[in-house]
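Lettered A, B, C and D in written order, each chain numbered from 1.
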Amino acid sequence: METKVGVFFCNCGGAIKNIDFDAALREVARLPGVISVNLDSSLCLEEGKERMVSSIRDEKMERVVVAGCSPLLKEHIFQGILEKAGLNKHLLSMANIREQCSWVHDGDVTAKAVDLVRMAINRVLLLQPVETKETAVSKEVLVAGSGFAALNVALQLSHLGLRTTVMEEGPVLRAGSEEPAAVYGVDASSIIAEVEANENVEVLTSARVMTLEGKVGGFGVRIKKAGKETFRRYGAIVLATGHRTEIVNPGAEAGASVVSQKAFTDILRNSSLEREPRTVGFILDFSDENSRFPTLATLNSALAAKKKWGSEIYVFYKSVKVDSEGVERLYQQARDSGVVFVKSETAPKIGVEDGRVKVEGRDVFAGEDLVLACDVLVAEELYLPAEGTETFSSLLNVRTDPKGFWQDDNVHLYPVGSEKKGIFFVGGCRGDLDPGRMLADISGVAMNIGELLSAGKVAADFERVKADPQKCVACLTCIRVCPHGAIQLVRVESSKDVAQISDLACDACGVCAAVCPAKAIAFQGYRDEEILAQIEAIKRS
Amino acid sequence: MIIAERKPIEEIRLMMAPYKKILVAGCGTCVTVCWVGGEKEVGILASELRLARGAEGRELVTLEATVDRQCEKEMLAELRDKISDVEAVVSLACGAGVQTMAELFEDKPVFPAVNTTFIGMPEGEGLWVEMCGACGDCFLDRTGGICPVVRCAKGLLNGPCGGTRRGGKCEIDAEKDCAWVLIYRRLERQGRLDLMREYRAPKNYRAVKRPGRVQAAKA
Amino acid sequence: MATPFREILKRKDFVVTAEVGPVKGSSVSKAIEHIELLKGKVDGLNVTDNQSSVMRYPSLGVCLLIKEHGGEPIFQMTCRDRNRLALQADLLFAYSRGVSNVLCLTGDSIDVGDHKEAKQVFDLDSVQLIHLVHTLNSGKDMAGNELDGAVDFCVGTTGTPSADPLEPQLIKLEKKVRAGVNFIQTQAVYEMDELKRFTEFVRSLDENVRVLAGVVPVIGAKMAAYMNENVPGVFIPQRIIDELGQAPKGTGVAKGIEIAARMIRQIREEKVCDGVHIMFIGREEKVPEILEAAGLA
Amino acid sequence: MNGKIVAFCCENSAYPAADLAGKLGLHYSENLRIIRVPCAGRVDVIHILKALENGAAGVLVLGCEEGACRHITGNTRAKERVEYSSMLLREINLDGRVVAMFNLSPNAPHKFVKAVNDIGNITAEPGR
């Protein structure tokens, strides 16, 4: 008995003009498998939907083709209609007779429209139902790193009722002390206290990840702390391992009075110098062009030094990047309070003259050389990924950008996702720092994970992409090729190892189905037969 | 694992020239794993042949089939009906598969579509390298698990030769590591350099009397 | 009749050998020309065996010519083209015609030659070949059968002083010396410290083994770069390439000879090793000039 | 399939670009038949060859810009398969240019139209 297909044409309220729908309906009605053809003017609106649900039920349709606008716009609506009519939502195929037919060709395009419908029918006849299944997921989250970003993510997650483990390789939490949040204009003083008081957040210091397996919703992580290894399950992993800095050509002999931004904030906080520095110099943006942190750090430190010691402040700069939030205001404040900005093309020379740091630079605007002796010079720093980022990358099998930071800006994954579902990045470990955006990223990660895990279960297509254990020869190609690391080798009942695709981790790209040398992987909706059937339909047009 | 390489389409096209109806037979084991002879490649080769024949304005009917292992007569027997229905068979199996098929269906011409190259392992995605030459007299125990018979370009038992390039690369290829330098480094690491210092007498190249036969001692 | 090479090795404190490369053809006139030119000037004349895996008139053939012309041939044998039967047969034939010095080599690989599709043999390697010669010297063949008429070869082999990494080469060299060699003619060498280190290593194993330094004149910077890339076992240092670079156009050959002569004189004066083996394949006629420039004529 | 061009369009880039071409009222040849795929990396050599076998005059595979593929390597794999198919056509002395790969972003409808026109011109050359 042939599969019963219902075809619904929608003229989109008259927006599809150059198609003779009567003729099209007549011709489509004759096609094999078609038991009902319908014309509507507003299928996606309420009444249209009602009519469609009842026709599907009354005529006992087993497959549905909708000829109208682009599936990218309305496919989910028609899938909902199928479900309402008691039909598996995957048994739908759409013919884009609006954007890809009526609107791009002049004159009558009825023939092409019928062609596109015939392609959709050929495909729909082969479609298989795909169930949705709920999978339990762990509501625990692992946060690697303990800087400002890491601890904030942990706090926000705990507010969503998710337990978090903050894992820090060092002996102590880094936010506040190591990473001077004040420099970046954020207050981190209370964050550690909040974290330690929050019973939803477990802190593991001098702890390291040894091995990692499994997929989103159930990462298996072996953590080593104080010589003991424990195995834990996590639904998601957040990497917030921050960054480290290296002073650029400090002028070795200048010695102690050339400091990093962090060191300068220590001096500011507990003025470890015997006497207060009368003149302070800053070097800004000569070698590391793209990071925004140096500008913000320089402005905050300059203002703080002016306020505390009233010292003379000179900033040798190539560029002052004020495009992130609130930085323009800081820059104006600095100038108003008397900070001198010296614009020069090349980095100034740093030397020593009677115990003070000598800075020689060329002031481009004044058109003359400037020699400055200052008590403290805050040198320029290169922003680099934290130590251990590579080992983490190989453990998680995620990629880094050429400079070693995580998640180069692939527009589809931007801003906090990685190519592996359930693994997120936030903060300094992503390179190009912008404090304003970092705060947005922190809530972005928390919201993503909350959405993913807070229900404790995730609904996903069940075995929409599946490797047939009979045909799989365990050649490992799909496992190595899958861009999302969603496939692993598992032993099935016949004591044979075969590829198993995780429904949660799979991002439905079909690369595995294309590379499988044994044609063992079926990707419902885009199986070879379903693609070749559309080519077959084109042949007869 | 046996590694093979697909023959150029030109060669296969000439083999199939006299025939109008052929079977393209794949093998589901080694040649599937090294991407040349599995069900996917059967489809592609069949399509390539039909396209080529179409370009000449002549017709070609192709049947396609892939069995688990072409070097097993019981598995090849599954193809009996299809083979009786065609004039010739082009097999994407390794040499063993092609010959088992040729032996089982003696009245049908059987043609190889791949060149069987070596026993090897994957070095990268889609890249395989030779590891074993099936010499029948394995002495990996004395070379730290690196076989000079195939991985040294001259198969030397007392290497390296004088032609080793700077950095320990092979005489014939600046990219390839000299097997004997690899052996030296591994044995040195394991503190077993005495193995390399031992003189290796000339090899028994007839350890396997070609063509080889192996009789299992017991079931 | 020339003095047997074995004697020269014992008595002479600075031994000089040279090398002739047979032609690709049956004509022997060029070979005879080189033999006549060099036989009186050197203590032994090596004849290459299908050098760089390029098919040529056989090494044994030219050795017989050297014998006929009163020179002292050193028969070079590689393991690339003959299996153990052919190697033994050729040795018996050579000895029976008075060719009693053999240089045991592994041989270049087929890929660097001009018959790139040939099947390479390598039934034996250079160390095994040295053992084979001693087996024959003891009156037996490799299968243990008695020989009707024994042989008594003076055995030599090669070494690569400037190999990097050096240690694997020294392990192989030790095997060769343990197998028993009378002399070693090294690959081309340009750094005295490398040659010194190599010679001391050989002495530490067996002081009776005489070491002759391989001298390959380089006739131009471009030639040097080519050799570094394509000739196995040759590593010409940058300083020599620079020196060649400064030589005015057209004086490349003269410059090459000058550098070679300088090295030979240094080896001799500083007694770095026991002599030199001059390899100037394709320009054999220039070897006398080198000897003169080095004060050895 | 006289003169039809089959275009495999990645739903992250080419398919939305084609839709945008419609919204902006751009025009291209009626011979185009678009097949939607989740990623250009889903398109295999067999799909390209079968389209040609079934009489397609040309085959286009359109994926995301280099480095912007949602599935990281999908577009580069597609490019390699298109190059293989094109090389194969040349080996059996057919015109290798009738199979082409294009990279574009979802907001580049003009690039989509240009790709369709380019292959349209190639397939329409006399003496095909």
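Keep in mind that, in the parts below, a residue touches a chain if its C-beta (ideal position, glycine included) is under 8 Å from a C-beta of that chain, and two chains touch if they have at least 3 such contacts.
Just so we're clear, the structure is a prediction, and the values are computed from it rather than from any experiment.
Using the contact threshold fixed earlier, the set of chains in contact with both chain A and chain D is B.
Centre-to-centre separation of chain B and chain D, using mean CA positions: 35 Å. Per-chain CA centroids place chain B at a distance of 40 Å from chain C.
Rounded to whole angstrom, the centroid-to-centroid distance between chain A and chain C, based on C-alpha atoms, equals 66 Å.
Chain C and chain D have CA centres that are 63 Å apart.
Not a single residue in chain C touches at least two other chains. Across the assembly, chain B contributes 40, 43 as residues in contact with two or more other chains. With touch defined as above, residues shared between interfaces to two or more other chains in chain D number as follows: 44, 46, 50.
Pairs of chains that satisfy the touch definition comprise A-B, A-D, B-C, B-D.
Of all the residues in chain C, the ones that touch chain B in their complex are 80, 84, 105-109, 111-112, 120, 122-128, 131, 142, 158-160, 163-165, 167-169, 171-172, 174-175, 178-179, 187, 232-233, 235.
Of all the residues in chain A, the ones that touch chain D in their complex are 70-73, 96, 98-100, 102-106, 109, 112, 115-116, 119, 399, 408, 410-413, 419, 481, 483-484, 507-511, 513-515, 523, 526, 528, 531-532, 534-536, 538-539, 541.
Residues 8-10, 13, 40, 43-44, 47-48, 50-52, 54-55 of chain B touch chain D in their complex. Listed in rising order, the residues of chain D touching chain A in the complex are 1, 4, 6, 11-12, 15-16, 18-23, 25-28, 30, 33-39, 41-44, 46-47, 50-51, 54-56, 64, 67-74, 77, 81. Within the complex formed with chain B, the chain D residues making contact are 44-46, 49-50, 52-53, 88-89, 91-94.
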